[in-house]
Amino acid sequence: MPPSDAAPAILVDDLHFHYPDGTQALDGLSLRIDRGERVAALGPNGAGKTTLALHCNGIHVPERGRVEVLGVPVDEANLPEVRRRVQLVFQDANDQLFMPTVREDVAFGPANLGLRGAELDDRVAEALAAVGASDLAGRAPHHLSGGERRRAALATVLAMRPDVLILDEPTSGLDPAARRELLDVLAGVPQTLLVITHDLPFSLELCERAVVVDAGRIVVDMPTRALLTDEELLHAHRLELPFGFHLSPTDRG
Amino acid sequence: MHAPDGFLNVGTAVATGALSAGAVSVALRQSREQLGDRQVPLAGLSAAFVFAAQMVNFPVAAGTTGHLLGGALAAILLGPAVGTLVVTVVVVVQALVFADGGLTALGYNVLNMAVVTSFGGYAAFVLMRRLLPRNGTGVVVAAGLAAGISVVLSSMAFSIEWLFGATADVPFDTVFGAMVGVHLLIGIGEGAITALAVGAVLAARPDLVHGARDLDRIALNDRPPVGIRAFAIGATLVTLLVATVVSQFAVDDPDGLEFVAEEQGFLESGEDHSFGDSLFADYATRGLGNESASLAVAGATGVAITLAVGFGLFAAVRERRRDPTTAG
Amino acid sequence: MGAGHAHPLHHHGHSRVHHLAPEAKVAAAFATTVAIAITPREALWAFAIHAAVLAGVVATARLPLRFVLARLTVVLPFVTFALFLPFVAGGEQVEVFGLEVARDGLWAMGNVLTKATLGATVSIVLAGTTESSRILMGLERLRVPAALTTIATFMLRYLELIADEIGRVRTAMAARGYAPRWLWQARPMASAAGALFIRSYERGERVHAAMAARGFTGTMPDLGIRRAGPAEWFMAATVPTFALAVTLTALLTN
């Protein structure tokens, strides 16, 4: 475990952002995530969760407010550094799998970092093994199932050896078996995690802490289990546990 | 128009190959200027769009269908440089990966289907926009007309290539009349689909229409004095009229065969076309005989295509990177 | 016209032709096609040899004859054109099966048909034995600008996705009774095309974001894939060299 006074993995301070068409996506959002934490970001659609994610890996630059990853401020000058440390798994895996084969996709990132030859091959093998996709290396992305694509996309970013992983709706569209496979993989990664999701049981199983994003700000920040047992709080932010799913505040589920 | 191998002679294949290579390298450089490191993903996805769109059957009449070529559409939406690049990639991949179009015919296939339609189509678009009102409707109508013209330019280019590289004893005017006549009609379909597609993009994401980047929201919605329907009907009628006139070229003189025989005798006596024989294909000028009109048509056609493509190239090179205020 | 097939021709196999390095195959394909294209049309013997050699290559590549013949249908539009030539061409007339046709037209027809078919066969062998991504890699190794080949790579990667989208939209429209027969009824199709362009472009922007997030700054990184060795070039060169020899002989003796 790193020393407690080390820079937080993610530090967002009073972040504001609006899109070209005028919508105010983030309206004074503040959040701190320490290294090693696993945080679920919940909330209604359009709340600003994806926009927040895109600030954390430098795709958007803050228009007002501050974002720091591992002590590095997110601005134009630091983008390469930021991108080395924070990686995002997109909602649509197809957007991240643009090479003819999975192996080439996983190799793309580290090759851009300068790796070559045996070192590159090892890095690729490592990332594929971490997601259980070693047998998919020679396959073309459009021949993969949804779950396989999701894991392959995860491998492409793990190959960058980031410190922080952000996942945007990782379980959407997956069948139960694929979902379980993904969960098992994520449970085993060493990175700090920020998981944007609508899948409440998933957030419970993977993340000890949950924040609710609503109308561009963080409105709730508490342990996941506590949030999910608070029905009123859930409903206030358009959240609901799946039918038949019961939680008591104390049992280990 | 994916011509196979051996359709035109070697000299033509080489010459058109050189022209295409030149135009495409300009397109490559300029699209890099325009898009920076976004060039590869944006052009790649756009090329996928064009390729897929070319596979769609759109209805023409009574259940017969046609296909979009897309060169003008690509140029209007993405700019002439990126447009040419995108369609070139489509044509080259079709030849190499899908075995559609001869490998030695790539020179003229790329020239006719990518370079002439995109650069030339864009030039026509700019010209039409100058003549039409400065609003959304003007853009859409200009797009339609330009797309129709681009298809005709393409067929003209082919006819000129036949003049130089024919491998059969079919005179230039026959080929010209048939090709251009037919493509005037094909152009109606291409024009209509292009206009409607550009209109759809303009309505949802006007910032993605390169050819309309000089218009702001207000100018786009400015009411037009002439309705689109009236315009479309007018344009179609004019096109049909012109197609009828042009296809007359395809019809031989009533005494065509005797005339050609005379020509042969005339030629064998070594008197005619000493210049023509060396530059033009042995065959294509037969039938030009006393009809200096045909040669004039060929000349005018050549000039028109050169001007159109040249202007398109010039427009592509002149555009500064991501400058939203300069009009094409 | 532009309505080719959406499925690349690659016919999976492990013949020696399949395993040749792509740049050698692409270069050989071009050279062979050139040889065929410049063969003088009267040299029927040369065409016969070309055809025999190509048949041998098809056999070595273990490509099913039915597969090759099926893909050869791409030359059909030109077969139609070629069949007209004896009737539209000028020059000396001869009588064939009771019809007056131009002698030059007959030669021209034969010329176009033969070269188109042989050329298409070469293309089919290339496409049939080489995966599309490797064809593009071969082009790049032959010094075609990397930007062009990478754009083509991306195009092929996303083509199926976009074609699928088109399929879904058409199904949805058909389900609501849309069956246009005339050009002016094509408006919804064109609108759909416009919407598809926007979605494709936006995906392009997201792909760019993904590339940038993984360190892309404009040039594709070297992923270290092996080049062809001299032995492979030698093997690939056999066919085009022979074909060129045949053609040269034909040209010289014509």
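Chains: A, B and C, in written order; residue numbering restarts at 1 for each.
We take it that a residue touches a chain if its C-beta (ideal position, glycine included) is under 8 Å from a C-beta of that chain, and two chains touch if they have at least 3 such contacts.
On a predicted model such as this, the values are computed, not experimentally measured, just so you know.
Peer 1: In terms of CA centroid distance, which chain is the most far removed from chain C?
Peer 2: Looking at centroid distances, A is the chain farthest away.
Peer 1: Write out the two chains that share the greatest number of C-beta pairs in contact.
Peer 2: Top-ranked chain pair by contacting C-beta pairs: B-C.
Peer 1: Measuring from the mean C-alpha position of chain A to the mean C-alpha position of chain B, what distance in angstrom results?
Peer 2: Centres of chain A and chain B (C-alpha means) sit 48 Å apart.
Peer 1: With chain centres defined as C-alpha means, what is the inter-centre distance between chain A and chain C in Å?
Peer 2: Taking the mean C-alpha position of each chain, the two centres sit 43 Å apart.
Peer 1: Measuring from the mean C-alpha position of chain B to the mean C-alpha position of chain C, what distance in angstrom results?
Peer 2: Spacing between the chain centres: roughly 22 Å.
Peer 1: Among the residues of chain A, which ones contact at least 2 other chains?
Peer 2: 98
Peer 1: Indicate the residues of chain C shared as contacts by at least two other chains.
Peer 2: 132, 153-154, 156-158, 161, 203, 207, 211-212, 216-217, in rising order.
Peer 1: Using the touch rule from the top of the page, what residues of chain B touch 2 or more other chains?
Peer 2: 41
Peer 1: Quick check: in the complex, which residue numbers of chain C touch chain A?
Peer 2: For this pair, the touching residues of chain C are 131-133, 153-154, 156-158, 160-161, 203, 206-207, 209-217, 221-224.
Peer 1: In the complex, go through chain B and note every residue touching chain C.
Peer 2: Going through chain B, the ones touching chain C are 1-7, 10, 13, 24-25, 28, 32, 36-49, 51-63, 67-70, 77, 85-86, 88-90, 92-100, 102-105, 113, 167-171, 174, 188-189, 192-193, 195-201, 203-205, 208, 256-257, 260, 264, 283, 286-287.
Peer 1: Could you please specify the touching residues of chain A with respect to chain C in the complex?
Peer 2: Checking each residue of chain A against chain C gives 57-59, 80, 83-84, 87-88, 90, 92, 94-96, 98-101, 104, 107-109, 111-113, 116-117, 120, 140-142, 156-157, 160.
Peer 1: Report the residues of chain C in contact with chain B in the complex, numbered from low to high.
Peer 2: 1-6, 8-9, 26, 29-30, 33-34, 36-38, 41, 71, 74-75, 78, 85, 88-91, 93, 102, 104-105, 108-109, 111-112, 114-116, 118-120, 122-124, 126-127, 132, 135-136, 139, 145, 147-148, 150-159, 161-163, 166, 180-187, 189-198, 200-201, 203-205, 207-208, 211-212, 216-218, 220
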